[in-house]
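Written out below as structure tokens is the structure these notes cover.
Letters are used for the chains, namely A, B, C and D, taken in the order the chains are written, and counting of residues starts over at 1 for each.
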Amino acid sequence: MTKMALANLNAADEAGFMAALGDVYEHAPWVAQAALKQRPFATLAALHAAMMDAVRAAPPEQRLTLIKGHPDLAGKAARAGTITVESKAEQASAGLDRLSEAEFAQFHRLNDAYREKFGMPFIICVRRHSKDSILQQFERRLQNTMSAETETALGEIFRIAALRLDQRIEATDGLEVHGRLSTHVLDTQAGRPATGVMIELLELSANGEQRMIARATTNRDGRTDEPLIAGRPLPIGRYELRFHVADYFAGVGARQDEPPFLDVVPVRFAVAEPEGHYHVPLLVTPWNYCTYRGS
Amino acid sequence: MTKMALANLNAADEAGFMAALGDVYEHAPWVAQAALKQRPFATLAALHAAMMDAVRAAPPEQRLTLIKGHPDLAGKAARAGTITVESKAEQASAGLDRLSEAEFAQFHRLNDAYREKFGMPFIICVRRHSKDSILQQFERRLQNTMSAETETALGEIFRIAALRLDQRIEATDGLEVHGRLSTHVLDTQAGRPATGVMIELLELSANGEQRMIARATTNRDGRTDEPLIAGRPLPIGRYELRFHVADYFAGVGARQDEPPFLDVVPVRFAVAEPEGHYHVPLLVTPWNYCTYRGS
Amino acid sequence: MTKMALANLNAADEAGFMAALGDVYEHAPWVAQAALKQRPFATLAALHAAMMDAVRAAPPEQRLTLIKGHPDLAGKAARAGTITVESKAEQASAGLDRLSEAEFAQFHRLNDAYREKFGMPFIICVRRHSKDSILQQFERRLQNTMSAETETALGEIFRIAALRLDQRIEATDGLEVHGRLSTHVLDTQAGRPATGVMIELLELSANGEQRMIARATTNRDGRTDEPLIAGRPLPIGRYELRFHVADYFAGVGARQDEPPFLDVVPVRFAVAEPEGHYHVPLLVTPWNYCTYRGS
Amino acid sequence: MTKMALANLNAADEAGFMAALGDVYEHAPWVAQAALKQRPFATLAALHAAMMDAVRAAPPEQRLTLIKGHPDLAGKAARAGTITVESKAEQASAGLDRLSEAEFAQFHRLNDAYREKFGMPFIICVRRHSKDSILQQFERRLQNTMSAETETALGEIFRIAALRLDQRIEATDGLEVHGRLSTHVLDTQAGRPATGVMIELLELSANGEQRMIARATTNRDGRTDEPLIAGRPLPIGRYELRFHVADYFAGVGARQDEPPFLDVVPVRFAVAEPEGHYHVPLLVTPWNYCTYRGS
């Protein structure tokens, strides 16, 4: 999707503005309407703040209606395809569109329990989460009081809106909604970057599923040409990096046992801050390695 | 099985000696008979050497008969239970008694190809191998010449005999047929041994199977009370150590993210020398770790 | 000095007992006299406890006399050679017999200030200290109250006595007055112990002095045949281990730059627990190294 | 010194051109004269190549005169101040202007031996060297044949010229005559960059001298705001980085012993490639550290 420049948004007529931002808040074009009058916006952050202010300034019933306008996570509407395009893509990002029957039943049970306690749908910014962390948040937030939970739901709606703005509007500033995952392989046997190391990144699920989400080969500097993940939040969850070091060392003629002591080195770690920078390097010889959370 | 003291073996009458060692060489009591006359043996190594000398001194046809007296690996006789007790236990140690149909067919095919080329059964000291490394050796040795392969088969028979002697006879010396796998966990955040870390050892197969073969918890010195493997060869193959470090750090009150950056740390490595000492320690904080082949 | 067996001490006549232990407490044979009546002692710890009990049970004036019977540290009596043989050897262990004029003056000043405030000599178990840590304790303890300082002085006298007993009496138990400093060099380029690495241990002083106190070469296991320090307390202070790794790597034919990136690797650390076990290993390639406090 | 833009050099009249480059080759304006006719130069590399070509195209006697026009290193002319400004600054960069009498005598002896064997002065691009490596090269090159040494001397003259061009002329390309030394401190106890760590860089001499050449404090990213050395060659020689880690850990409230196990961590390494990028990071807790040659 081509992004619209903030300057053009500032200059757009009302119809153009509403076409661009009317659905940033789910089924609540009144939020964009309120922001429309505040133009021009010098920054994306100012636009985002104006929309949040409109929500906070609205009467409580209107805020509740906004909350209630959201679809259930992995709910029947999602299955039936009757939710908004944005919601659909967001739910898919966390794998909510490919649940097993057991998982679908678990979401169903949690949705019901949540609706019964709070009278509203469970809202979470799914792009910042994996299936596992959504379920964990679900269980945890079920313990909240009504007022704490209303606040939490609004916070998540603001995060969803920030990500939608980030995807649509081009500006000189950013909303700091992106994380980054990168790596670096140092051949400490030869004292130089390890070039040509194949690396895979997998997302791990509590149920044992492993999903390959990136694959790259290290360049002359021992890095991947692009970060393994960038330009979006890092979903909270567990990951595994796999470094194919035996192939690399065979390629540079290093002495290895047969079979080699180290072959594919797995490094398992969790992301806890979706907007964080995770640098997970490997210092490696055929006989030892170190890894760490760098920056 | 209680071991017999070498002194008692030296003092035993012929029946006692043959009862103890008659089947060290498969279906070949003549090897023990030859050694009987060399008594007394000062060391186990001397006994082993005397038996090997008897084999090497025998006419070529007798050596070939010795070789041919061995059962097929994972063959029909093994399935039918008509092989010697020793062979049965040895084949089970490498998992040859629990092959899938596909694997059984693969062994069947290799056995046939080997018999067709060499006119004898494929012999390997299975206690030094995993299923994967047996298959690898099988493919590799099929490329040998007849004379090289006869030498190789004899060498394997000597290794089998050494392990049988090691299991039966108690002496002041050893035959250096044991390997050792040990670990050590250092908490480099606190500068002390990590006590109470749960550790699992798994054997990995090329087909994705993972079999738990040891489990232990680190003691006050960060070590396991017993080596993870000792008193026997380390089967050539791939392994994974799993260190449950998030539980440990939670227990000592260290600050960790939620979810913790490191949880269960997997360290994958291969054993290439069954009689080697593999020390695979972990130096770990909640944010980094190093591992290496130590000694 | 040959040690006396505890059994012999138990069986000795009064003269023999007093000859052995009469001067364990400086100028205070009454302490040994009191212990004499408690014989036999099953353990060295019991003997040490009996002597401490005698001191604690004595009238306050007698305890003060005991304290006052000690010589000044690095005082005029020490210079003039009129202190007991034991005190002389102990003061020499921390280098108090080779002070510069400035240091002598500093000790003189501190001794005077201490005597003026507390009316007794400054007592410290010098075998557990370096010159630097003695001066640090001196400054710190000058801030104490009279009663706290009397307790501290007695505690130090007990430590001195424990070390004297440890040096003289052979028993099945020990008084846990020994520390240990050891090292280990792993060649993580080759995945094996580094054999033949020259290692030096230096004691560092705040004034920049460096004194070589041990030198060793690693054996087949990458360790030194004997710990670098053992059988005595480790003096609190700063140390430097020097690992001659370029010579080692040249010897094993490893590729190095000219000049080699790493040559003599210095590892500086402090000892804070004189009775602790300090294991300070080096994991090293020609291009990187790790070191840590192990156990 | 303000640099002259390459475009301006291309547009300059002959006097301007010669003023800028006439002394790039020592006492040999004819080299610049030859290049003058080749203008315009698209790149600095092309200018450098044109000047080298002029030297290579000159008759052998003229090349020898060029070589002989250089002053002795640390020679009497340098002491008397009668050498060119450029030579003087270059010799000072390696400390040749502050030699001890013994070192001056050593240079004198080597200069004499070299002149006697080769009939010309010893020429080396001193900005790429330390005093120690100059002496080492001196001894080594004294073993050369006349023709090899003439080639070596010319190569050094070209390096000197490249550095002089690099300092004077601004262009879009560079002559790749700069090295870089940088560092990075990771607090692996807390899993984040170590901010506020004081770092010193010292140049070490074989005679035990230590000269502080840079000092910096790590920023929010654990790096120094500027590389420790950049914009010039890294002199071949030995260096020590000193990381003040005890102060850092005290500042962030980490538990340390008294005295702290690690205080100022010294990392000694050598530079062998003056145009190389040396990244020497530290991964550190109060109880362990790793360092390596990175990139």
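Couple of notes before you dig in:
The rule is simple: a contact is a pair of C-beta atoms (placed from the backbone, for glycine too) under 8 Å apart; a residue touches a chain by one contact, two chains touch by 3 or more.
Just so it is clear, the model here is predicted, and its values are computed rather than measured.
Distance between Cα centroids is largest for the pairing of chain B with D. Interface residue usage between chain A and chain B, two copies of one sequence, is largely shared: over half of the residue numbers at the contact are used by both copies.
Centre to centre, using the average C-alpha position, chain C and chain D are separated by 47 Å.
Chain A and chain C have Cα centroids lying 58 Å from one another.
Contact with two or more other chains is made by residues 186, 188, 191, 261, 283, 287-288, 290, 292-293 of chain D. By the touch rule above, chain B contacts chain C in their complex via residues 186, 188, 191-193, 221-222, 283, 290, 292-295.
Within the complex, the chain D residues that touch chain C are 133, 236-238, 257-266, 268-270, 272-273, 287-293. On chain B, the positions that touch chain D within their shared complex are 188-191, 255, 261, 283, 285-288, 290.
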